[in-house]
Every structure is written in C-alpha cells, then in structure tokens.
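A quick write-up on the structure given underneath.
Note that the chains are named A, B and C in the order they appear, and that numbering of residues resets to 1 at the start of each chain.
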Amino acid sequence: MTFWIITAVLTASASLAVMYPFLRRNDSTAEGEYDLAVYKDQLAELDRDVKRGLISTEDAAEARAEIGRRIIRMNAAASAEGGKSGAAPVVRIVAAFGILAVPVISWGLYSYLGSPGVPAMPLAERLQNDPAGSSIAELIGRAETHLASNPEDLKGWETLGPVYMRLGRYQDAARAYRQIIALGGANANTYSVLGEALVGMADGVVTAEAVASFEKTLSMDPKEPRAQFFVGLARAQEGKMDEARALWTNMLADLPENSPWREVAGQALAQRGEGTASEPANAEGQASDDQQQMIEEMVARLDARLKESPDDPEGWQRLVRSYIVLERKEDARAALERGIKALGEGSPSANDLSTFAQELGITLPEEKE
Amino acid sequence: MTRKQKRATIIAIGMCFLAVAAALTFFALGQQTSYFYMPADVIAKPVAPGQRIRLGGLVEKGSIERMDGTHVKFAVTDGEHTVKVGYEGILPDLFREEQGVVTEGTFGPDGLFVADSVLAKHDENYMPREVADGLKEKGVWQESEGGSKNGG
Amino acid sequence: MAVELGHFALVLALALSIVQATVPLVGARVKSYQLMRVGETVAIAGFLLILVSFTTLVHGYIVSDFSILNVWENSHSAKPMLFKITGTWGNHEGSMLLWVMILAFFAAMVAVFGRNLPPSLRANVIAVQGMVAVAFLLFILFTSNPFTRIIPAPIEGKDLNPLLQDIGLAIHPPLLYLGYVGFSISFSFAVAALIEGRIDAAWARWVRPWTLLAWAFLTGGIAMGSYWAYYELGWGGFWFWDPVENASFLPWLAGTALLHSAIVMEKRSALKIWTVLLAILTFSLSLMGTFLVRSGVLTSVHAFATDPARGVFILIILLLFIGGSLALFGLRASSLTSGGLFHPISREGALVLNNLILSTCTATVLIGTLYPLLIEALTGEKISVGAPFFNLTFIPLVVPLLLAVPFGPLLAWKRGDLLGAAQRLQFAFGAVLVVMIGTYFFSDKTSTAAALGLGLGFWLIFGALTDIAFKAGVGKNSLSVVFSRLKGLPLSVFGTAFAHAGIGLTVIGLVSVTTLQIERIVLMKPNDVVEAGGYTLKFSGVTPFKGPNFTEDQARFDLTGPDGRRLGEIAAAKRLYPARGMPTTEAGIRTFGLSQLYVSIGEATPNGLVVHAWWKPRVTLIWIGALVMMFGGGLSLCDRRLRVGAPTRRKTAVEAEA
C-alpha cells in the first residue's frame, strides 16, 4: 500500500514539474539581450587587452568594428523575427499533452515492466528475521555455500545434519553425517542418526546398510535407544517378530522414565500385538499383515509425494520397485509411464528409469511404431 | 596576399599534411597489422621468417618446457597441427595446458616461433576471440558462455 | 519496496524525458516562454528521479539484495563494502544507468546554470539532451534493465570480476563518463543551434565552458583508467592502444580540437561550420565508443551475433543521432555565413593547424580501431592492429603539433609575427638545449630518443612559462609592475599555460619510461638479489595470506637504496578469488620521488620464482601531467568570462529571480 502511495506522490510531483512554469509569473528577457551581453563583454575584454599592450591600437579598432558589425547583424535578425508569444491554443494543447503523458507513460510502462508485489530482500534481514518458514531454507543455503568452500568445518556439518533430518531431507542428512564421520567427529549418536537417515531414504525400510550403522552405534553404546528400536524394526520387517519383540521389551526395561523412546517402543509392541508372539502362522520370508499394511501406506505416500514433486528420478525408481515387490504389476507399469512422462521423454533420467524397470521385468507396451 | 591566396595557402598546407597522414596510415596498415594464424594455417601457407603474426590455439598438454632462467618453450595446437613456441618472460596468470592462448611474434630461421607477447584468456568466460572462432570451426572447442563482463 | 521504487522512478524519468524532448522544442517554435521553461523543471526532476533510481540500486548492492538479478550476478556478500558499492557500475546494466544519470545531470546543469543563454537556445539544448536520454532510457529498460528481479532470490551472489575490484574502478568510470557523456552538451548545443538556424560568436562563447568541463573530466578519466591498468594488471604498461581505451581517447582528441576551434569562432566568428561539425562528431565518437564497449562487438563478433539485442539497439541509436544530426547539418550548413579574415600566420592560423592535426590524429586512431572489425566483417580474415601501428602513425603526426604549441598563444589574432614569437621563445629554446645535452650525456642510458623526447616535453613547459612571462611583461617592466600585471591576467591565460605544460609533463613521463626504463626478468630463490635503477631487491620468501574474499601468495623482498640504506619491504602477490576461481597478479609498487620501482611475480618453477622488476623513471609524471591539464581546464572555467552562468542578465531580471 505504502508503495502505491509513494509512486502516486512521485507521479504527482513529476506532473507538477511539467506544470510549474504555468504556475509562475511570466518573466522573460528579449532574445537579443543575451547576445548583447556577450558582445559587450568582448568589447570590455578588448579594452583590457589594449591596456595591457597585448594588441595594437589599430588591431583593436578593427576588432571593435568587427564586434560592432556582429551587434548590428544581430539586431537586424532580431527585428526580422519580430513577434512574441505564439498561439495560445497550441500552448494549451502541448501543455496538456505534457502533463498527461507523465502518468500515462509511467504507469503503463511500469505495469508492463515492474514487479510491484516483490519486496526488497536485503540479505542480512533475510538471514536474521523470521526464523520460521522460508527463512530456514535460506539459512540452510547460507550454511551450504559456506560448507561448499569449507568442507572441513565439522561444526557446520554438525549443525546442518539435524536440520536436514527435521526437514526430511534424508539424503542430504546422510551426506552430512557421513562427512562428520569422515572428519572424525563421530560418536554413537552419529551412526545412529545416519542409520535413521538411511531408513528415511528407503522410505521406512531398514536396509542392511542402515542396520550396519545401528550396530556400529550399539557396539559403542549398547543402550542407545534409537539404534535398539530400529534394529528391532529391521527384525520385524524381516518377519522375525519374536526377535523384534524381545529387543523392544529389553529396550523398554532399560529406558529411563521420561524417555520419548518409551512411547515409540510401546506403540511398536502394541501394534504388533504382544499376544501374537508365539504364533508361527506367518511363515519365514512372508510379510505379516501389519507389515504389508505399513509398506502399502509407505508406497502410497511415496506415490503422493511424486505427484507433487515429480522431478525425482530415484523416487520413481523406488516407486516402480515397490509396486513390483507388492506384486502390483499394473501399478508398476502405470508408475513407469508416469515417471517417464514426468522426467521428460527421452531425457537421460527417463531412460535410466526405463532400463531400471526393464531389469525388473516391466516394459511399456510398444506404441504404434 | 589576397583573400583567395590566403585561403589557397591554408588549404594547400592542409592537403599536404593530410596526404602525409594518409600515406603514413596506409604504410602502417600494410606493415604493422599482424594477421592471425592457427597452426593449420601456418602449415598450409608458410609464413616468411621475420614477418609478424599472431598465432593462436590451445597450449598442448605436456608441452611446456622450462629452459634455463625464464625461458619457456611450449607448443600451440589446434587439435590437428602443432607449432613450437619460444618465449622469455612472465607467462600470464591464466596460461595453462589445454587453455586458449594467443602469442605474437615472428618465426625464426629454425622454424621456432619466437613470441614477444603471450596472452591467455582473461577470465573463465573469455576466450581470445580469434582462437574461439578458429577452434569452433574445427569443432575442438565448445563455447560454454559467450561474452565477458567489462567494466570500462 | 525500495527496489521497485527505484524501478518506478526510472520509468517515470523516461516519461519526463519524453516531455523534455518534445515540449520545449514546440515552445521554442511557437515562442511560448512557458513551454520552453517546462524543459528546465522537467530536466531537473528527471535527473533527481534517475538519481533516486541509481541510489536504490547502490543500496541493493550494499545490503546484498540478491532478489535483484543484477546484484546477484555481480556481487557477493563477503565482498568488502567499498567494492560492493563500486560493483554497482562495474557491470553493463549498472554502468548504463550511470551513463544516463550523467546525461541527465548535464541537462539539469544547463537548466540550473544556463541562465545566461537565450531562452529558445536553452530550450532546444535541453530538448536535444532529452532525446538522447529517451533513447538510452528505452535501451536500459528494454534490453539492460538493472531492476529485473529473480524469485526465489538466491542466497549468495556470483561475485564481481576480481580484476575490477580495485579502487581505481571506483573513480575511473564515473569520471570517464562525466567526460564523454559531457560532450553530449556540446552536441546538444550544436543541434539546437542548427534547429534555430542561428550560429554566431555568442554561441561559441556559450558552448565553450560546457565543452571545457567535459574535456577536463575526460582527461581525468582517461588518466585514471591508464593508472588502473598500470597498477592492477601487473604488466607494467600504462597504455595498450586497446579498442576500449581508444573508445575514450577518440572523443578526447576530437574534444580537444573542438575546444580550440570554439575559441576561433568566439573571437573571430570564423570556422563556424567546422566547429559545429566537430561538436557533432565528438559526441558521435562517444556514442560509438559506447557501442563498441557495450555491444560486445570487440570481445567477440560471435557473441554479438548470438545476442544482438543490445548491440543492434545501440547501433540504431547511433545511426539515428549521428545520421539525424549530420542530415540537419547538411541542410543548414550552407546558410552559415563565413566570418572574419585572417592571415595563415596568426593565432587563428595556429588554431587551425591544431585542429587539422588533431582531427587527422583522430581519424588515424579511428581507422586503426575499426579496421580489424571492418576486415573481419568483409573478408572474415582476422587481423590485429596493435601498438606498432599507432606508434608509427600517431607519434609522427602529433610531434609537429607539440612542437608548434608554444608558438600558438604568442601569436596575435588576425596577423601574427612568427619571428617575434620565435625571439620570445629563445630562452625556452636555450633551456631545452641544455636539457637535451644533459640527458644525452648524463642519464643512465645513452639514448638519442630520450634526449629528443625530453627536450620536447620541456619545450612545452618552458613555452608555457614564456607565454605567461611575455603577457606579464617580464623584462620590460619592473618587478612590481610584472606582479600586478600577473594578477590582472585573465585566469584563462593561466589555464592555457597549465594545460600546455601538463602535456609537457605527460610527454616527459612517457618518454622517460619508454626510453630509460630498466627491466629485469629473473628466476629467484630466497636470498637471491636483483638490482634495478640502483635499488636492490633481496627475495626473502613467499608467505600465504588470506584476505576477505581471496587468498594470495605474497612474495616479499627486502629493499635497499642506492646508498646502501634499507628501505623496508616490497611485496608482490599472486591472488586467487575462489568464488570465480580466478587468479590475478598484484604488483608491488614503491614510489621514489617521481619514479617508481615496480615488481610483479610469475609462476614458481623448480629453479625458483619468476620475478619481473622494473625501474620506471618519472613514470608518475604521465598522470601528474593529466592532473595539471585538468587543473588548467578548471582554471579556465573559473575565468569570469567563461564561467558557467556568468551574471550577464539585466539587473531587473536578477531581482525578479530573487
């Protein structure tokens, strides 16, 4: 709003600049006066030169005559021109044009060229003020550029890692924690969070790599709750519910009263049903109903996420694979098709995706030709 | 002298001066402009020893040899042919293997190009103009970004 | 909001320029004083708006507002504050905004200080200035808008070319632009006079101070640019006959000619047609320089062809203004009456000679600059016209001019006495002989060129002194009379003397460096020693150093004077700016009196560090001479007769003003 007020004031003053001469009393000097002043000056100068002896008297007389001739010529020209102040209507029309042109041209052109809604964004303000929302991305960007040029800055990576985790940028988080490990700043917690990031990258599946990372933690701190929980989850996902339950129960016993992990482990236990522990109903290698349900939810989430941000080649590969694992071939094929379209047909990442799918036995029906 | 004569004198002096200036300019344009050659051009139509030219191309990989003191030898290539160049002095900041370079000087009797000035590209956007055009014709170099920023 | 206000102010300035280019023109035609006056208020308002716009952009740089495309491309938050500010005009868009701001500044100056001009001339001058402004504002807004935004805004900028991060850059382009955009005023005066069809001695009197002002700025700008190249590029050179340098030198040569021909026109009402033509050509050369530098033609014909929008736009502006003004000139030139008579040997004759030589020099430099472009466009053959061409043509042409300079001011108007002038110069000539003999026998190197060249420099200086001495009547009068006459001399006499002596100083500097400089290129290991000009440098080693946005390896040298006294350290460096991954060479420079010791380093080899050291005798005179020329220009401007806006109005008008 202020912006528009200021622009309006600016425009008004600019128009005023055009109008100003019409608001003033008309005072003018005849054209000839100005020339005469110059010639009078020249005559005076000539006198000084004569006095100083820079010019002979004869030459001076000649020069004086020459200047005199200029004055006469000027007077003749002035009287020939005659007349003053031109036609009033023309003046009024031109003045009106001038005054109108200012707002019309400026507002018209600015509405075409400008971006009035965009605020100024001084860097300091962007980095200091609003810590919520978009400025986090900016803070991260700032930290990233810093770390790009100073990759040995352990403190920087330690700050950035948890931020990535909270934002769900698991891949970046994994990179950060690996860097911390490479720089020698790792402790039990580092491996544990790295494991969680790897789980996040695999959309909830505790991969072998993640398990290795958790086990590294447990070798350093056998009671670390996060690692304990995820190792349990890994067992559960492999269908070894007994082992999972045993791990979680142990973990609950060791946890202090106020630990947030109590709730997490308790919930996991409750979900898997304490009572089903001894039931050998589910054969080895076959996923339980719970697990099936969990995986399907995850796949659905991935699917939804890819609809929102489709520029994610890895995501599409994972989605296709997931559908194949779930034995939903039609969906897999559909996902492949959507993925190729989203990545741009013929683009390198789309080609990668189709080779990847081919290896898994999924191809698109050949189009005509 | 009459007015006409005065005028004629002035005009005559002016004309003489202009004639001298024009002769000088044409002489200098004939003598002092140096044509730009790529190594292939040198092979195709040999340059007489002593004639001043500009030789441009890429610094061939592994060709930079330091002789005694500040004397340097390197080879300029356009991908097909190479020409050996000798130079004494400080090489520019951006003089590197496989980077564009323009050298100016004359061929010695032994076929070595003796450069008295070596220019490398100014910044990462700027390839010496002739080199860029020449290499592009040969398809050796692809333009990454055109133009350079100039503050003047 | 601030950014968009700047953008809006620029658009509004365009609207005002359109009014400025049209309304006063009509006003002058129908003789309406009110319409004519519109030009003045609008010119001032337009300048203020562009100033607001420019300030906004500078502010954007200061606070690193990377939502502005231009700031993002050319700045970096880690850059020192000074270079953030100077970065504003260190790029295409920003420098064009500065260009047009200076254009508007001159129009506003005419509006404020042009009270001694007849209203119709003033109105026309301001209108023509407005036309140029319209063209360049359109160019900026549509092809090089510095206020283009990027959303979302990046978090870090791409940095400025490190070569341009130098204090010289802070002052150099503004001064240079003040000069070569300043000639737009001479151009506007010429076109305005042609529109009115009335060109007389009074016109020359009015146009001179403006030309002088632009000339003084341009002199300073060129000198500053030359010093920047000398100091920053690390090659020890100060003038390369590079097309970009020529682009500023050409208007200077033409402007110098204009300055002198306007004197003839004012005093004798002669050379009218020529003076008007020169005024048009001078600014045309400025426009051409802008085109060459800004269109990218020089960097690469290829780059120009792939992104021709800017180049073609400036080319159209160029053709429109040069073509239009020359057409107008063709129409009106025949109606100009010729002026007073003069003998070839006279002040007028001398000034004609000056013009003849200067314009020939201009033509030669112009040919050398455009010839390679022309050949490439016509035949595709690539040639380069470098320093040897310019040295071979420019120097022989300009030396006769410099030899003749001391005679000019000593000759009388209409009919001069060459013999008398020569007699008056006999003392100067004697002094010059002494200098030449002294140089030949007593300088470090025996060089005929040095003796002749230094003689020429001193000839100019002693010539200027002779002029003052003669005008003060030295030798004919007692000391007190001489003193009072000195006080009575018009300032412009001193201005002329200073400007001519300034050229002398520059010549001395140029000749000393080119003929007497001592250059050493050596490989050095720690504790090695190199000697230049009597000074001894002992290499003490290389130490790394980290600046705000660069890292460098500093090579340190212990300096010992000719008398064996230790003079501290001198450091040269190789610097790396990581943001662009670009290395630069930082020369180590130490000044002794007028001379300098200049050290720059090359790469480190297994056998040691390549070190390039120069002893540059009297090198600073090159730039001191330019400053003296500028000072001379300033003195002339202060002369009551030439002063911009000298109080020549009627008393009543002055009262009405108050």
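We take it that a contact is a pair of C-beta atoms (placed from the backbone, for glycine too) under 8 Å apart; a residue touches a chain by one contact, two chains touch by 3 or more.
As the structure is a computational prediction, the values presented were derived from the model and not from experiment.
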item	value
Chain whose mean Cα position lies farthest from chain C	A
Pair of chains joined by more contacts [C-beta pairs], A-C or B-C	A-C
Centre distance in Å when chain A and chain C are each reduced to the mean of their C-alpha atoms	43
Whole-Å gap between the CA centroids of chain B and chain C	27
In the complex, chain C residues that touch chain B	74, 89-92, 95, 161, 163-164, 169, 172-173, 176, 225, 244, 247-248, 293, 296, 299-303, 306-307, 341-344, 349, 352-353, 356-357, 360, 363-364, 367-368, 371-372, 381-386, 388-389, 392-393, 396-397, 521-523, 574, 580-585, 600-603, 605-607, 610, 612
Residue ranges of chain A in contact with chain C within the complex	2-3, 6-7, 10-11, 13-14, 17-18, 20-22, 24, 26-29, 31, 33-35, 37-39, 41-42, 45, 48, 52-56, 59, 62-63, 66, 70, 73-74, 77, 83-87, 90-91, 94-95, 97-98, 101-106, 109-110, 113-116, 118-126, 134, 138, 141-142, 145, 149
Complex contact set, residues of chain C against chain A	1-5, 7-9, 11-12, 14-16, 18-19, 22-23, 26-27, 29-35, 37-38, 40-42, 44-45, 49, 60, 63-67, 77, 116-120, 141, 145, 147, 149, 151-156, 198, 200-202, 205-206, 267-269, 340, 412-415, 471, 473, 485, 488-490, 578, 641, 648-650, 653, 656
Chain B residues within the chain C interface of the complex	1, 3, 6, 9-10, 13-14, 17-18, 21, 24-25, 27-29, 31-36, 52, 54, 66, 69-70, 88-91, 93-94, 104, 122-124, 126, 129-130, 132-134, 136, 143, 146-152
